[in-house]
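For reference, the structures are reproduced in the following blocks.
Each of the two complexes below includes subunit A, the first together with subunit B, the second together with subunit C.
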Partner chain A sequence: MSTQDIRERIDAFPTHRIGPYRVRAGRPLPYGATPVPGGVNFSVYSDGATSMSLVLFERGATQPSAELEFPPEFRIGSVYAMTVFGLDAENLEYGFRADGPFDPARGDRFDGVKVLSDPYARLISGREVWGREPDWDNVYHYRSQVLNDDFDWGGDRPLRIPAEDLVIYETHVRGFTRHPSSKVSAPGTYAGMREKIPYLRELGVNCLELLPVFEFDELDNPRTDPVTGERLYNYWGYNTVSFFAPKAGYAATGPFGMQADEFKSLVKELHKAGIEVVLDVVFNHTAEGNEQGPTISFRGLDNATYYMLTPRGEYYNFSGTGNTVNCNHPVVRDFVLSCLRHWVAEYHIDGFRFDLAAILDRAPDGTPLPNPPLLEQLAHDPILRHTKLIAEAWDAAGLYQVGNFPNYGRWSEWNGKYRDTVRRFVKGEPGLVGELATRMAGSPDLYQGRTSSASVNFITAHDGFTLADLVSYNDKHNEANGENNNDGASDNNSWNCGEEGPSALAHVRELRMRQMKNLLTILLTSQGIPMILAGDEVGRTQLGNNNTYCQDNELSWFDWGRVETNAELLDFSRKLIAFRHAHPVLRTSDHPTGTDRVGSGYPDVSWHGVGAWAPDWADHGRVLAMMRCGRHAKGGTVADDHVYVAVNAHWEAHDLELPALPDGQRWHLFADTGTAVHPVGGEPELKHPGRFHLGAHSAVVLVGRAAHPTTA
Partner chain B sequence: MTVKVSSQERTGATVVALEGEINSTTSGGLQSQLLPFIGQGSVVLIDLTGISYISSAGLRTLLIVHRHAQQLDAEITLVGLSDEVSFVMSATGFLDFFRVAEDLDAELERAGR
Partner chain C sequence: MAFDVRLRINDKVATIELSGELDASTAGEFHDTVSQAAGAGAVELVIRAEQLGYLSSAGLRSLVVARQKMGDEVRIAVVGASEPVARTIRLAGFDHSIDLVDA
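Showing the complex of A and B:
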C-alpha cells in the first residue's frame, strides 16, 4: 500500500486570501521558511513589534512583488506564522518588515522602512559572487530564501573519531584554493576544497576546522590599503549576517542558489576520506555592529532580546566589535541551539569552535555566570551529543577562562597558555622547562579532572603569525591593514633568528627551518589535541602580517607552489603526523601521573635532561626530554613502543644520556630536526644506544622497541 | 512552459531526449513525463544535449527519477551534459549518483550488447 496522499491533510488547504495570495495560519515552529504541502510556512518572532509583514520578491527584483501583513489571528504568543500557498520557492526571495517603537533608551530600535533578513533563513542571496560590488541602493541586501533540506547523504554517518585522536587543520575555504597555483576547477570554493582532499589525506590530518562559513558580507570593511588604495575586505568572515545559511560566495554554484548542496557535498567527501569537519562559529556578535551599524535582522526584530544592553539602552561591547549577542537570554539560547542542531542534522558537521566563547557564559548584564545555561544546554543536547565543542575561552573584555571554562565534561578549549609557553621556550627564553613539561603532558594544571583532550594545543592559528613568520619576524608588520600597524597582537613571543623578514643567509634559513620543525615536533608529540594552521606544513608566510582578517590576496592564500619548493618541511610534517597516529601512547586521554600504573617498570611519563632521569628544572635550563612508556598507552589497553622526545632550545649542542630501555629494546631514530626524518616503521637503530648528540636549537624523537633482527 | 520530451526505442534501451530549460516551473511536468519510461529492469538513456540550463529544482527532479529507477532495478544513464551542467552537478554532488556517458551511440552499442 502506498503512503496516504499528503494533500488530504486539512492544513494543505488555504483558509484566507491576502490580495492574490492564498494563505492560512501557519505553524510557529520551526522558525524561518519551511516547505510544507502546497506552500511555504513562514514563522518569525518579535516581542515588541506593533505590526509584522512578510515581504516577497521575485528573485533579483529590486522592489517587492507583494507584502503580506500577518493577520492578528496568525500570531501565537510573540510569534507570527503564516503558510503561503502556490509560491515558486526557487525564484522567491523574502524578508520581514517589523514596525514598532524606536526608543533606544528602552532597547527598541524598530524601523518600519527596512526589509529585515530572516534570522533563521537557510539560504541567503545577494552576495553570491565573492567580492562583487552590489547595488548599494538596493532596498534589501541579504535576501532570505527557501531551502529544500533534501540533500541525499547516501550512507554518510558521523566518523566519531575520539577527540584525543584528532589532528586538526585550521583553514579558510576561500584562502585554501584561491591562489592560482591551486590548479582546481573552481578556485576559492567548497568545490575547490573538495579537489584538495587527497592532499589532506596525504598530510594525515583527520579534522578540518573551517573559519566562518555562515553568510557574512566580505564587503563591509570600509578601509583601503594605504599604499595601493585597493579595497580591504572582511576576509575572515567574523561578521555573521545569517547564522543558518552557508556563505554563497564560497560556492561555485552560489549564482545558481546551490551553495547548500555544494557545501554538503564537500562534507560528505571529507567524511569518506576519514576527515571530520569543525566549524568556527561566531555567536558573540553580529554584523549589525553598534548603534552606527546597519539594521539587517535582529536589531529590527527585537533589539532588546538579541543584544546585551546597558541600563540606558546602549550596546555592551565585550566582543570588541560594537555589539554583544545576549546569549543567555532564553530566546537567544534557543536560537543558538537550533542553529547548531541545524548544522549537525542538515550538514553533518562534527563539531564547533566557538569564537570568543567566554561571552557565552555572561548574563544579560555582562556578569559571568557560574552555571551558564547555554553552555550546559549545548553540552547535553541530544542532537549535539557527540559533536566536538571547542571554546576560545576568552573574550575581548578581559574574561580569560583558559583552564576554567564551564565544561560539563564536554567542552575543550583552545589552550592559549600552551601556545605561549611553547613559543617562548623554543625562542630560547629561560625559566620555562617546568612549564613546558606541564604543557606537553596535556596541561594537567589547567585540566585536572578532565581528559587531556580538554586541551586543544596549538602554536599558530589564523589569528597571529604563521609558523614561518613566527621564526622570521620579531615584530608584526600590519601596515597593509590601514591601521598604522596598531591592529593585531603585539605579544607574539616570536624570534626572527637573526634577521627581520626574508633572509638570503643560509645559516638564518637553516635555523628557521629547524625552529619550525622543533615547534611542530613539540606540538605533535604533546598530549592533547594538536591543531595545525593550514600552510604551516609548507612554511606559508604573511610577510609578518599577524592580522590578515582583511587581506584577500596572496598574503592570506595558500601558495601551492610551496608544496614543491618547501617539500622538506612538508615531508617532515607528514611523517610527524603519521608518527602521532602510529603511537597511541601520545594520544592517551588520561593525564599522565609520573607513576607506573601497569607494572611496566617505567612511569607513564618521565622527564630527563642532558642526563637520563635528571631533568634540569633550573631557570637557566633549556633542554627537556620526555619519555612516554608504551605499556601505558591508552591506559595500558593497547601496546606501543617507548617514545622519547628531547628539545634543546639552547644555542649550544648537548650530548644527551638516554634512559635505558627494557631488555632487548633499542632506541631508533625517528626524527632529528637538524638532520633527518624517517618513515614510521623504518626508523634506523641508533649506533650508540645510550647517548645522542643533539645540535643547538634542535629536537629529536626516538622510538624504543625490539631491535629488528636484520638490523646490522 | 514545458520541457520537450521525445523518445525512441532502440535495441536494449529507451532514449529520452529533452529540450529546453529544467527549472522549478518545468520540472514538475517533466517528472510526470519521465516516470512512465521507468519500468521494471528498463534501461533508459536521458539525452540532455538539448538542455541549456538545469536549476536546483531540475537536478532534484533528475535525482527523484533516479531514485524511482533504483526501486525498479532500472538503469538510468545521462548523456549529452553540457560543460556547465556537468560542472554544477559535479560541484553539488549530484553527478555522483548517475551513470554518465559522453557518447550516445557508444552507449547504445553497450546497451544493445
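Showing the complex of A and C:
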C-alpha cells in the first residue's frame, strides 16, 4: 500500500469539528500521542474523571491555543481517544485537563484547574536546558510533545552479550563529561558521552548502566548548600516526571527537540563499540511525592489507580519519598510493561536495573505477593525476552529480598551481601574468610538453582562511597547536602587507612592504593557479573560525601585529569578487566561445586590459605586463596588456564605455599597489588615456583600455564 | 526568508540548493525533490546549504529521509551549512548518515 493509499483511508478524514479543529473518534491504543495520516491520535486513560479535555499550546506559549473536550462518543471504556487533524506537530505542546471529584478519603484528587502531562508522552519540553530557571508562574511546566519514532538505526541489533560475560560500568550522563577536563564538544550530554566511547573501549567494559535518563526535574530540590547558599539539585534523577521521555536537559540538541535522536545515536554508537546499555529505571515512586507534592500527571488522572493508598486514602510510603507506585494494579502493570517495551523497541536498550525493585512485588495494599504478576510478566514478555533485568532487591520499608527476589529464571540482583562482605574482609575484620569464599564463588548460598549471573557483584555504586573514599574515610561527610550529615548510609564498612580524608603521608597513600587494587581484584575475579562505579578506575573522590544525589558539581563529576594523574590505577583496572575477559573460567555460569566434573585432576574451585590446600576458616583468619581450574571453564567446554587469586587482609605479610600445577605448567604473575601488574599474555613466570611472598594488605593473581621464558 | 528548493542534475550528480527555513511545513517539498533525484538515478547528492537559515528537527530528519531514499551507495554531502546548523547535525548524530562539508 503506498502512502497515497493510506491518505485515502476512511479514517484519515475528520467527522467532527471542535471550534476550528477537525477531529474524529480516535483509537484507544496506543496511549499517548501518535502521528497518524493527516493528524495526531491522542489517547488517555482515566477511570474516575467526569470530563476530559485535550489542551493544545503553541510551543513555548504560556496560554493554551485551544482546549478540546472529548465528546462522550470518543470514550471507550475509561479511555478517551481523539484524532486531531492538521496540527503542526513540531510546534505543538499538549496536555490533558481532567475534572472529577476531589475526595482524598476515597482516593480521588482530581483538579480541574491543572493541565496534566500525558503519562505516555514521548517527549517533554519545559526543562530543555539543564539547570535553567523556568518561569514558575507557568500554568503548565512539563509539556507533552509529539515524537516521530523514525530514527535511522541502520544495521543496529542487540549485542546479546551473555550475562556472565558482562562488565558493567555504572555512570551518570551529565557527570561523565560535565567536568571542564572532559574536553568534549558538548559537556554533560548524550553527545558528550558519545565522544568518550574510545575511553570505555580501552577500559574494557562492555555494558554501560546509566543513572535515570527518564525526564525528571533537576530543580525540584528545595535545599541549598548550607555554606555557600547555592542551589542544590536533584542531580541523580530518581524522581521521574515522565517515563517515556528521555531527559531533554541531557541533550545538547534538547532546545531543538532532538533529545530522542541524540540519545539513540549514543546507543547506536555504543553498540558499534560492543557496549550494551542498561537503564536505571525508577518505577517505585514518581516526582509527584506525597499529598503536599505537585500534581503533574498521575495524581490528576487517576490517583487511586496509580498510587498505593491506605484504606483512608493516604499515600503508602515504601519508597521513602512520599508515594509508592501501585505497580501490581493491572492498569499500572500495563503502563510499566509498555514503558519498558518502548525503551527496548524504540531506543534499543539492552536491559534495566530497577530501583527499589522489591516494591514491584507488593500488592496494591502493600503486602508482598508470592507470585507478583508484574515481575512474572516482565520476565516472559516477548519484546523484553533477551534484555537483562536487574533488581535492587530491597525497598525503603524493610523488604529485603537479596537471594530470594522472585526471579522466574530471568532476574539478576544487586548483591548487597557481596558488597558488605568484601568491604569488611578487605578492611581487616575477622571471621569473614568463609563468607568471602562464598561470595567469590558467585554466592551459591543465595542463588542456588540459578546461574551465577543472578548475582551482580559490586563494591561501590552511585549510592555510597566511591572506591577512593571507601579507603580514605571512616565516616561520611555529607554536610554539603544541607541535612546536618544525617542523610546517606552510616554503615559503610570503610577504613581510612590511618588518616581521615586526603593524606600527604606516603605510607597512607600507598596503602590506600593497594586497598583499592585489592577490592578491584576481588571484584573482577569473582564469579557473577561485576559492576564498577564510573571513576573508581582513576580513584574518583567525593571528599567523603556518600550521598551526592544533590551535588551537581565537582564532587560528582568525573575529573578527566585523573586519567593522567592516576594512570597507575587506571592501568591496573584496564589490565584486570582484560584478564577477566581472557579467562572464561572466571565467567562460568554454573556455580562451582568444589569437585572435579571433567576429569582434570583438580576441582573446579579449590580453597587455600597460607598453606596450599589448607584454607584457614577460623575467625582470626585473614588470608584466602582461590584456585580455579581452567579445564572447568564454561562447564569444560572451552580451554583456559588455572587461575589463583590470594588476598591477604592481614597487617603482616605471609609466605604462601602455592598449589602444584599439572606437569609442565608453572605459575606466572599477572598482578601483585603491592608491586606490579603485567599485560595479559605477557605474565612472567615466578622465580620460585612453589611459593609467593604476599605483602600486608595485598592481593595476588597468578595464572598457571606452560613455562614462559621470562621470570619475575 | 521564504523556503526555496532547486534541483540540478549533471552527469548523475544531483545538486539541491536550499534557501530559507527547512522545517515541518517545508520538509515535504524537500522530500519530493529528493525523490526526483533518486528517480533520476543520481549516484551522488550534493545539498547546498549556504543559504539555509534554519533547520528544525523535522528538517534534520528530512536529511535522514534523503539518505534512505537515495540508498546506501549514494554519497550525500551537505555543503556549506552554517555552524549552528552543522553543530546540531553533529550533536544529534546525523553526521553518520551524511557527509558535512565546508563550502
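What to note about this one:
Going forward, the second predicted complex is superposed on the first by the 704 of 712 C-alpha atoms of A that agree within 3 Å, B and C clash if a C-alpha of one lies under 4 Å from a C-alpha of the other, contacts with A are read in each partner's own complex, and residues count from 1 in each chain.
We adopt the following convention: contacts are C-beta pairs under 8 Å (C-beta built on N, C-alpha and C of every residue); 3 or more make two chains touch, one makes a residue touch a chain.
As the structure is a computational prediction, the values presented were derived from the model and not from experiment.
With the C-alpha superposition on subunit A as described, subunit C and subunit B clash in the combined arrangement.
By the touch criterion stated above, A:E215 is placed in contact with neither subunit B nor subunit C.
Of the two partner chains placed by superposition, A:E413 touches none, neither subunit B nor subunit C.
Contacts of A:D361 after superposition on the shared chain: neither subunit B nor subunit C is touched.
When the shared chain is aligned, no partner comes close enough to touch A:D463: not subunit B, not subunit C. Once the two complexes are overlaid on the shared chain, A:D152 sits against subunit B and subunit C alike. In the superposed pair of complexes, A:E93 makes contact with neither subunit B nor subunit C. Shared contact residues of subunit A with subunit B and subunit C: 88-91, 148, 150, 152, 185-186, 189, 191, 194, 251-253, 256-258, 261-262, 264-265, 268-269. Within the complex formed with subunit A, the subunit C residues making contact are 23-25, 56-58, 60-61, 64, 67-68, 87-88, 90-94, 96-97.
Partner subunit C is touched in their complex by these residues of subunit A: 88-91, 148, 150, 152, 185-186, 189, 191, 194, 251-253, 256-258, 261-262, 264-266, 268-269.
For subunit B in complex with subunit A, the touching residues are 23-25, 55-57, 59-60, 63, 87-88, 90-94, 96-97. The touching residues of subunit A, counted against subunit B in their complex, run 88-91, 148, 150-152, 185-186, 189-191, 194, 251-253, 256-258, 261-262, 264-265, 268-269.
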